Structure formats: C-alpha cells, structure tokens
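As written, the chains take the letters A, B, C and D, and residue 1 is the first residue of each chain.
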Amino acid sequence: MTKRYSMFAAILTTLLLVGVGTLSLNKKVNAAGEGSITGTVKLNGTPPHMRGIDMSKDPYCSKAHASDPAKMETVIVGKDQGLENVVLYISQGLSGSEAAQKPSSEPVFDQKGCMYTPHVLAMDVGQEYKVTTSDQTAHNIHPEPNPMTGNIPWNRSQPPGAPPIVQTWKAEEVAIPVKCNIHPWMHGWFVVVKGPYATTDESGSYTIHGVPPGSYTVTAWQEELGTQTAKVTVAAGAPAKADFTFKSK
Amino acid sequence: MHDITAHSLQHHAPTGFIRKHVFSLDHKVIGKQYYALALVAAICGMILSWLMRIHLGWNNARIPGLQLLSKNGAPGGVMTPEFYLQLMTMHGTIMVFFVLTTAPFAAFGNFFLPIQVGAEDMPFPRFNMMSFWVTFVSFIVLMSSFFVADGPTLGGWTQYAPLNAVGAIAGPGQGMGVVLWMISIALFCVGQLLGSLNFITTTLDLRTKGMSFMRLPLSAWAWFITSCMGLTAFAVLMPACILAILDHVAGTSFFVASNLVVSDQLQPHSGGSTLLWQHLFWFFGHPEVYIAIVPGLGIVSHILLTNMRKQMLSQRVLIYCMGALAVLSYMVYGHHMFVSGMNPYSSLAFSFPTLIITIPATIVVLIWTFSLYGSKLRINSASLFALGFISMFVSGGVSGFFLAQPSIDIMLHATYFVVGHFHLVMAVAAMFGIFAGTYFWFPKMSGRMMNEKLGQVHFILSFVGAYCIFMPFHYLGMVGNVRRYASFVDDFTVPLIPVHRFITIAALITGAAQVIFVYNLVYSRFWGKLATENPWEGTSLEWSTTSPPPFDNFGGKHPVVYHDPYQYGVESSTGDYVMQTSPEQVATPRDEK
Amino acid sequence: MATTLPEPPQIEKHRTPERGSGNGGWKDLVPADGDLKVKLDYSPPPSSTGIWVVLFAITMMFAAFTSALVVRKGAAIDWQSFRLPPILYFNTLLLVASSVTLEISRRRVAAFMGGLKAHVQNPARWLYITLGLGLLFVAGQYIAWLQLQAEGLYLATNPSSSFFYLLTVTHALHVLGGLGGLLYVIRKLHKSALRRDQLVSTARYWHFMGLLWVYLLVLLWVKV
Amino acid sequence: MAKLFAVCIVVIAILSAIPILRHTWVAPEDISTHGHLIDEQMSETMAEAGIAFLAAQFFLAFFIWKSANRGSGEKVKNFPIGAKGLVLAGFLVVGAEVLALGVFGVKAWADQYLRPPAADAMPIQVQAGQFAFYFRYPGPDGKFGPLHPDQISEANQNFFGLDTTHDPDSKDDIVTAEMAVPVNKEIHLLMHSKDLGHSFFVRELRVQQDFVPGLDVSLHFTATKIGKYEIVCTQLCGLGHYNMKAYLEVLSQQDFDDWLKKEAAMQ
C-alpha cells in the first residue's frame, strides 16, 4: 500500500516541478516585456577627505601609482555629486522564482595596481564570479564573511600569471569585506543579493534591468554611508525611476 | 605490560603472515618496518625539497602536473607562496621526525641493540610493536593533511605560537592542517617514548653474561644515550602539543596573547605567553637534533673500528663525549632564541654552554681522525660513508661557532646560513650515518650482500653533491638572504638567484643519485649474493650469529662475552681480531686500563 | 568473586642463568682467562626497571605542565583564582587509603608467594578494595569537574580553570591506567600466574599516582 | 677509490674557502655605530673556524690517503700522542678558542642589548602585522596616544587603532608606511606586534629583533650613512612572509624634518 502512495506522490511532485519549470521558462521568454529601475545616487554635503595610500612597502605597487597617487575609495564622488560604487538591489517584492534567476554576465574582480577594480562587486547568490590579477606581484584574496550567514571564508593567493579564481557565495550577505594581507591597504566588498541588482557608475546613475512588472522596495547600499530604501512600481516596458541622496557624515 | 617478559621467556617463532611480518613482536621485524617507513618518508621529503628548490630557482615557473598535487596550492602549476611554505613545513617535519629520528635510532637500534647486548628480544615486545604502529599512524595523519580543505600547515616544523593557535584566519593550512600536525607529533612522541622504554630496559637488564657496560659496542652506547634523551625530550613535546591543540580547538589561551588583531579581526584569546611555546619546543627541539646525530656517532665509530682493523685511541673517551653531548644538549636550547625577545642576559647564559659543546664534538673528531693514522683502513661503501660522515660533521660543526654567539646571531639568525649549518651537521651527516649503517648491516639484516660498485658510485655522487648543495647556503646567509621566503622580491637578492639555481641543479642531480641506492637496496634484497656469518670480520655479537639471525637471535643458546669490543690488530687463530664471544686469550694491543 | 586459589606457586628462586632474555642480564665480568666465576648477581627483572622509566617520563610530562603553569601565571594579567571544590580533599583521602590497602595486599601476596603463610585467606581481597577506592577517586574527580561547571568554570573560561582541568584530567587518565594494571594483576593472581615483580611495579605505579596527586593538589592550591 | 675520495675532500675544502677569502659574498656595508663590533667578531670567528675546518679536512684526507688498503704484512700503529694528548689538546685549544670568542662576543652583544638607549634618543614605534610594517612618530607633543585594538581597521588605514577624536595624545601622532630617521641620531625603536610573531631585520644596521605578541620590546641604534635600506621580516608569519617589508630612509636632519611635515599633512 504505502509503496503505491509514495509512487503516486513522486509522480505528482515531478509534475509540479515540470509545471514550475515551464512557468519560469515563459518568464525568460518574455524578458523583453520586463521593466527596469533607473535613477541616480547623489551625495548631499561636502565629500569626505579620501586619505592617500602609501604603497612604498611594495616597489611594484608604488611604481604603478608614480603618476597619480592612490587614494582610499570608501566614498567616491563624481561630477555633480554623483556617488560611485553604490549597490542597488530589490529587497522586497520579488517572488522566489524571480529571485532565483541568475543574470547571464559573470562579475569580474580584478587586482590592478594593487587596488581592486571594481572596489565594490555586486553579485547574485550562487552566481559564479571571477577574481583575476593584472599585477606582476602576488596578492592574496581574503574575503571574511559573517560566519552566521553560512558563507565560508577563504584565503588564497594569486601569483602573477596564475589563472583566475572562480567562486560562488551560497547565502545572501550585504556586504562581505575583501582584503589582501600582503598589501594591507587593499580593501573591497562583495555584495551578495537575491535577484536583479545594479552598481552606480562614476556619475552616480544606475539601471537595474530585468525587473518583472510589480511594486518593489529598492535598497541602496553604500559602504560608508549605510543604506536607503525607496518604493517603486514597475510597469512592463516603462522604466521606473528611483533617486537616492546620501548625507555626508 | 608485564606478561610480555613471560611471553619472551617461552620463545616460539610465530607462524602466519600477519603475526610474522605485520603485527610482529620480533624486534628484528620491527626494526625493518621502521627502516621501510623511514625510506618511504625520505623519498617523500626529498620530492618535496625538489619542488621547493625548483620554485626558488625559477620563481613562478609552471611546474607541469603540480596542480594535481594541490589544485588551490598550485593553480595551473604555478606555486603559490602558501603552498611553498606548506611544502617546506612538511619537508622539515617528515625529515626531522620520520627519517632522522626513526632510521638511525628506531630502525637500526631495534634490530641491533638486543643482538649487540646478547638478548633474545626487547623486554616488552608488545610495546615495541605498538611503538612502530603508533609512529606509522602518526605518519599517516601527517600526510593526510595534504588532503584536507586548504592543505597542510605552513607554520614550519617549529610551529611557533601564536601562528599555530589562531586558526584559519592566519592563512591557509592554519585550520585543520595545524590540528593534524599537532596530533601527528603527539602520537609520534608516544611511539618514541615506548621505544625508549624498551631501549633503556634492554640495555640495563638484558645484557648477557659477561657483557659489562664497558664491553658494550659504541653503537649500543649511542642508542642507550639517545633513548635517555628521547625519554626526556618527547615527554616534554607531547604536553606542549596538547596545550597547542587546546588553544587551537578549545579556545584556551596558553600561548595566545590578548588583543591580537589578525586580518582586522580581534581574537578572543587573552594573556597567553608566546615565548612559553618556544621554551617548551626548543627544550625538546635541541635534544631532538642530538637524537638525530648521536646514533650516527655510534654507528660511524662502530663501522670505522671494524674497517680500521685497530682500536680507536680510546673508546671510553668517545662514550664520555657522547654522554657530555647528551647532557649539554639540554642546557643550550636557548641559542635558538637569542633574538626572540628573551632576556638578553639569558642569551649570554645560553651561549656559553653552546660554545662548550664544541669541545666534546671536537674531541670525537680528533679521536676519529688520529685513530686513522697507522690503521689498515678497508675502503668499502660502509667505511666511505662513515668517513664522509666525519667530513660533513666537521663542516657543519664549524658553522656552529658562529651561531653560538648571540652577537653574530643578530646577523645570521633566520638566514640561509642556519639552513646550511643544520643541513650539513644534522641532515646530511645523519643521512651518511644511515647509509653507512645500511651498507654495513644489510648482510646481517637480509642475509645478502649489497653491490659494492654501485655503493661507491652512490657515495661519491652523494658526497660531492651534498657539498655543492649546502656549502653555498652559508654564503647566501652571510649576504643576509633570509630563509623561509617563498620568492625573492628584495632588490639585493636578485644577484643571488644564480646561486639558488646552482643549488637547485645540484639538488636535482644528488637526489637522482639516490635512485642508485634504492635500486641497490631492492636488487640486493632479492638477488644479491648470499652473505656469510661475519662478512666484515667484526667482533661484536651481531657477527657471532647467522645472517639473518634466527628468531631468538642466537638459536637458543646464550652468548657469553669474554672481551671488550673491538679487539682488532691482534694475532689470533681467526686472524687479526677476536670475537667478543671467543674465550681465546690474546694480548690486547693497547689496553686502555 | 572467584577467590578459590589452587596450590600456592613455588617459592621464587633466582632464575637459572641460562636464559638471556627476561631474567636480567649478568653484570659480573667474565675474566679473559675464560673460567666463569659467576656470582648469583642479577639486575632486577625488566618490568621493575621499566616502571621507573615510565614514572620518569610521567614526571617529565607533569614538570612541563608545571613550568607552563608558572610561566603562564607569571606573564598573566588575566589570572582569576577560584576556590578548589572541597571534594578534592576527600578524593585525596581515598587515593591515600588505596595506597595503604595496596601495600597491605602486596605484603600478603608476597608472603603467600614466598610460601611463608601457605594459607592466606584470599590475598586478592585487598586488591579489590584498592580497585574500588581507585574507581571512587575517579568518580570523585568527575564530580569535582561537574561542580566547577555548575559554577560556570569551563576549560576555556580562564587560564586558572584551563590548568585545573588539564592537570586533573591528565592525572585521572593515568589513574585509570593504574586501575587497568590492578585488574591485570588480579587476573594473573587468579590464574596463579602472577610474578612478584609484576605486582611490585604495579604497586610502585599506584603509589606514584598518589604522590603525584598530592603534589598536584598542593600546586593547584598554591597557584590556582 | 680512497685516493679519489681524499682528493675530493681537499678540493672541496679549498673550493669552499675561496669565496670566503676573495670576499665574493659578504654582508652589505655596515651603517651603524655598533655594527663594526659584530663585523669584527664575525671575521675573528671566520678566521678560527676556517682554520679548524681546513685543518680537519686536510688531516682526514691525508690519513685516508696514507692508511687505505695497506698490505696485510704491515702492522697497525697508534698515533704517538695518545688519546690523553688529544683530549688535552681539545680542551686547551678549543676551550681557549671558544672562551675567547664568547668573551669578546659579549662586548658586541652588550652594546646592542645591555646598554640602555640614551636619554635623548628619538622614540619611534613600529608595528608589525600580516604582512607589513607601520611606523608611528609621536608628533610635536612627543607623546604616543594609547592603542585601541578593537578600533584597528586597515580598510580605513587606522593601522594602530588610534582614537584621534577622544585621545588628545593621538591627535598629532604621525603614522607612516616607511621609516625615516635622521642620520647620526640614536633611535629608540618601540616594537609592537598587532597579530603574530614577526621580526625586524635591517642588514646594513646589523639589527635583528623579534616582535613578541602581547609583549612590547624595544631596540636602539644609530644610523651613520644617508641612504635607503630594506627592513624585512625574518620570523615566519604566514603566506606573505616573503613580501613583508618596509624601507628605511636615513635622511639629513633637514630632509627628515621636511619629510615629517609632508607625512603629517597626509594624515
């Protein structure tokens, strides 16, 4: 008896799974119909002083910055107060299946002139990201996630000419600090979110693509100035707008 | 524990493969097992050193296939700094513990100590068996750390605190790797303690009729002295390892100080003493070095005597010197810590006994060298390696002059000078002792002779090669080239890279030469020509029994000893020597008494 | 309890010099003229030498722990002393008592083996008592640990507690080893295959455990 | 074979001695006031050790050459000076030698470690951490502010964990990544480790000292030659050990003051 029941249950679940699968497929198919969220992030107030970085410890690094001295990158303000490196993501309103979609592009975290480019790297949960090095000196990459989240810290070095390191994060976390112990000033962030996300460019503007119609809460995260949220409603085709303004401390 | 004596009283040779060859109670089989373990370990250690040398010679060169050894450690065959350090740590640990301690002490000692004192077996065969198998397990545990998450520890064989206790945040291998290392070494200590227990009781209680202490061969003396050192040293290292494991796993703070911020994270420990680990470790660590070399002294003297066909100028002095070395080795350990932040006055206090150690060492060398005068030296692989041992011992010893002085140590500490020093005096010399012992005793252990020609080729290559590798280390050190660097980014080290390449090439060739030895060993084991009872015309007890000896060593009867060892250069019915067991009376050439 | 003993074993004679192994080596020299004036002088059987070696190793181990404690406390700013659980003193009594009972049984068995008293009633009894006392001691130590944990003092709470657990647990483990030895002796006795030196070395080990514990207690009392 | 071996020994001994005699590889020139003591000690030891080394190797080779494979007819002889003579020689010669070395050595060591720094020595704090050194100058007030390990953040370049908002002493402290010192001025170096065991080694200064976590040690030296030198770590501290460096700038008093101003402005 029980055997037969379990058999029946099994068939049912498979059917369900197939159904869900096809649904989500349909979503992908009419991705054209999806909306997007765009806007700008600005700083209100005088930009804080970004202290210079003395790289004399490693001659290779200091040579790389001989012409333009390196500065800290915690708050970078572009033209008309646009804030760079702010990560925007949808904190509420996404259904599980929508959140589960992976963006196609693979985020790349490069080590260049003993600095991280980009300084902040946003990615989706479980999405593969790549760590590369363009330097002729060895770095070690040492992300230190919060142990509570279930993300596992790692620490590996990348000598010149070593192949890229490809990794994923298994849990949502805003944000994971990344550092290089060999060059203590090297510091960056991994921002791991569910669903679509965007990072502001030097003018502070951004666009989150691939947002299905609906109303959401968008969160903007800045490493120094904290987070802000805004409610937006996305209609098919028309991009919704959400601007943010951080007050400088 | 106690019924084992009873067991060895009614001696029956075991039947059945397991009891005979695997879990054997026979000291001879256990000795061979130790030898095999040491051989495997030595090969592993040598391969590791090759990889290190290649990396040092040609930085960031792709070593094809290296990524198979460790995917993360050598992505695409390029060795990462952490992997270099992991290889270095494992090389040191394997060589010091599983080769230099097991081969001359545990392997040869197990096989020949009971025979040389005229006993049937060790008093506690079960402990003896345990001692091997515990050591074996500890080796497996150590090697297994290659296969855990981020590889073995990179802390060096000294495993300084607090690097050994703060965990994975301090770097790859500092998580599971360290724990496995500590467990492995703690187990190793247990194994060697059990071994020392057997060695000491054998020498004290199981000497046969007529075998007074002064009639013990020098090798037996060396093993006895070594086991006394081992008993003291390993009994201190084990607690230290336990403390370190607790610090690492249970969050205690024996060695980890308060307010440490590793990689921007404040550590939870409080108030531990960093120097405490160094004191405990080096209290073991320095005697350990002598545990590696003293058996060599004994073996070499034994072999030289047999091949010189005359007595040493004085056997007693050699014994006293070995004893003096053993005692002094506990008073000098602080010379590893001159610049460690220890009280500068204690640095001075430690430097004088260290300098004094050169006196017994020098006397040993003088006795050896000047005893050669007027001898009828027989040149064979064994005696060659024994003589090579002397040369190496001297070369490595004189550099001790420098390191014994705190003021000079300011300049040379932690440079390649140290590496050259301890490799010559401890590693190479001890290895030569092992080789000499192998060529000398192989007939007795296996019943077959080793190939003499191959042996001599192997010797000359090893001798020249060893110097080519380790002499340049001293020069590097004098320039100030710091050891334990994965690659040389300092401007001034760039002109030294050719030297490193030379060393690397020499290391590869010399290493390859060891293949001859392994081949010779394996070939002779099965197809070598049969050995007689006493191929070298030796006098000590091991030559008065068949090769290989029967299960109870002397075939039921018990040897009676009539002479001091080494009655060479006399007229007797047998030739120019008298066995210890022969009652024949001869005029001893020059008696010491 | 299997206490019926068969015939008492033979009176122990010095074993014949013919066996090389296990009976102690011959210290007397054989003069080179070859005639053997062999005095009946032999070193003690290995087990009684061996036990001293073992005890030495254990001493070294605890010496290392002690020096660690002294250094660690010397360097410490974070050392918090605490009151030792009173039960420890009771345990001490137990262990001392066990030493006494073991001594009694050792003499009885020795006399019994020596055949001086052919009909000692059940020489094993005192061994069983010793065994019981030893078990009680370990149990008592366990209770002491429970009490400390009830006070919130765990292994990693403070260096003082770390050392307390470290020393007491290590000692307790060694005591358990001694209990094993006792069981072994009892078994041998019932098989009437016990050799005197086996009992002697077990006794030495046990007494040493008692001494060691007293030392540790003083150490903890002074330092912790 | 014996003769080949003997020749090998001699050749190797000579070859190993040549680079020493020709000073092919020597330590970089000494730029400190105490360094010459160490160098002298070094060369004395080199002379004695070198002679011992060569003598031992030559004797060994000679005896091997002479006594190898002698005919069965010949008798074995003993060296005229018996064991007693050798032991005596060992004790007297080597004993005197090492004793002399030890005693003279004390001078160099004492100058570096037993003599307290001069009262007007300039204090500089160095902090070692994985895998870089950072230096702190007390600034005009000549006082170092307290350290707050919980506030250490390399991301914000607060390497020492200073609290400039609350500690007045910290306000004017100057934190730098390279170490500049005025020439011919005694420096009192206060050594502090942030995380693990490290070491401070400057070859030209003839200075090496470990950092002890949880225990601040100090060091003093006087640099006598203007130039740029390397500070390296010699205590295995992790994967970046080989690249744990900083640079020591020995400047004229004038340049040093300017440099300090520049660094102060960068804070």
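In this text, a contact is a pair of C-beta atoms (placed from the backbone, for glycine too) under 8 Å apart; a residue touches a chain by one contact, two chains touch by 3 or more.
Since the structure is predicted, the reported quantities are computational estimates derived from the model, not experimental observations.
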Seminar exercise, completed: Judged by C-alpha centres, the chain sitting nearest the middle of the protein is B
Exercise. In terms of C-beta pairs in contact, which of B-C and A-D ranks higher?
Worked result: B-C
Exercise. How big is the gap, in whole Å, between where the Cα atoms of chain B centre and where those of chain C centre?
Worked result: 33
For this session: Averaging only over C-alpha atoms, locate the centres of chain A and chain D and give their separation in whole Å.
Result: 47
Problem set entry | Centre-of-Cα separation between chain D and chain C, whole angstrom | 50
Exercise. Whole-Å distance, chain A centre to chain C centre, using C-alpha means?
Worked result: 65
Exercise. Where does chain A touch two or more other chains at once, residue-wise?
Worked result: 58, 137-138, 140, 155, 157, 177, 179, 181
Exercise. What positions in chain C touch 2 or more of the other chains?
Worked result: 75
Problem set entry | chain D: positions in contact with at least two other chains | 129-130, 154-155, 214-215, 238-240, 243, 245
For this session: Could you please write down every pair of chains that are in touch?
Result: A-B, A-D, B-C, B-D
For this session: Note which residues of chain B are touching chain D in the complex, please.
Result: 80-82, 85, 154-156, 160-163, 166, 170-172, 174, 256-264, 266-267, 271-275, 308-310, 312-314, 317, 339-341, 344-345, 347-348, 351-352, 355-356, 358-359, 362-363, 365-367, 369-379, 384, 387, 390-391, 394-395, 398-399, 401-402, 404-408, 410-411, 413-415, 456, 460, 463-464, 467, 471, 475-476, 478-480, 482, 484-492, 499, 568-569, 589-590, 592
For this session: Going by the contact rule at the top, pick out the chain A residues touching chain B in the complex.
Result: 58-59, 137-138, 140, 142, 144, 153-163, 165, 177, 179, 181
For this session: Please give the residue numbers of chain A that touch chain D in the complex, ascending.
Result: 51-58, 72, 74, 137-138, 140, 155, 157, 177, 179, 181-185, 187
For this session: Using the touch definition up top, name the residues of chain D that touch chain A in the complex.
Result: 129-133, 154-157, 159, 176-178, 238-240, 243, 245-247, 266-267
Problem set entry | Residue ranges of chain D touching chain B (in the complex, touch as defined) | 1-2, 4-5, 8-9, 12, 16, 19, 24-28, 37-38, 41-42, 45-46, 48-50, 52-53, 56-57, 59-60, 63-64, 66-70, 72, 74-79, 81-83, 86-87, 89-91, 94-95, 98-99, 101-102, 105-109, 112-114, 129-130, 149-150, 152-155, 161, 194-197, 199, 201, 203, 206-215, 217, 230, 232, 234-243, 245
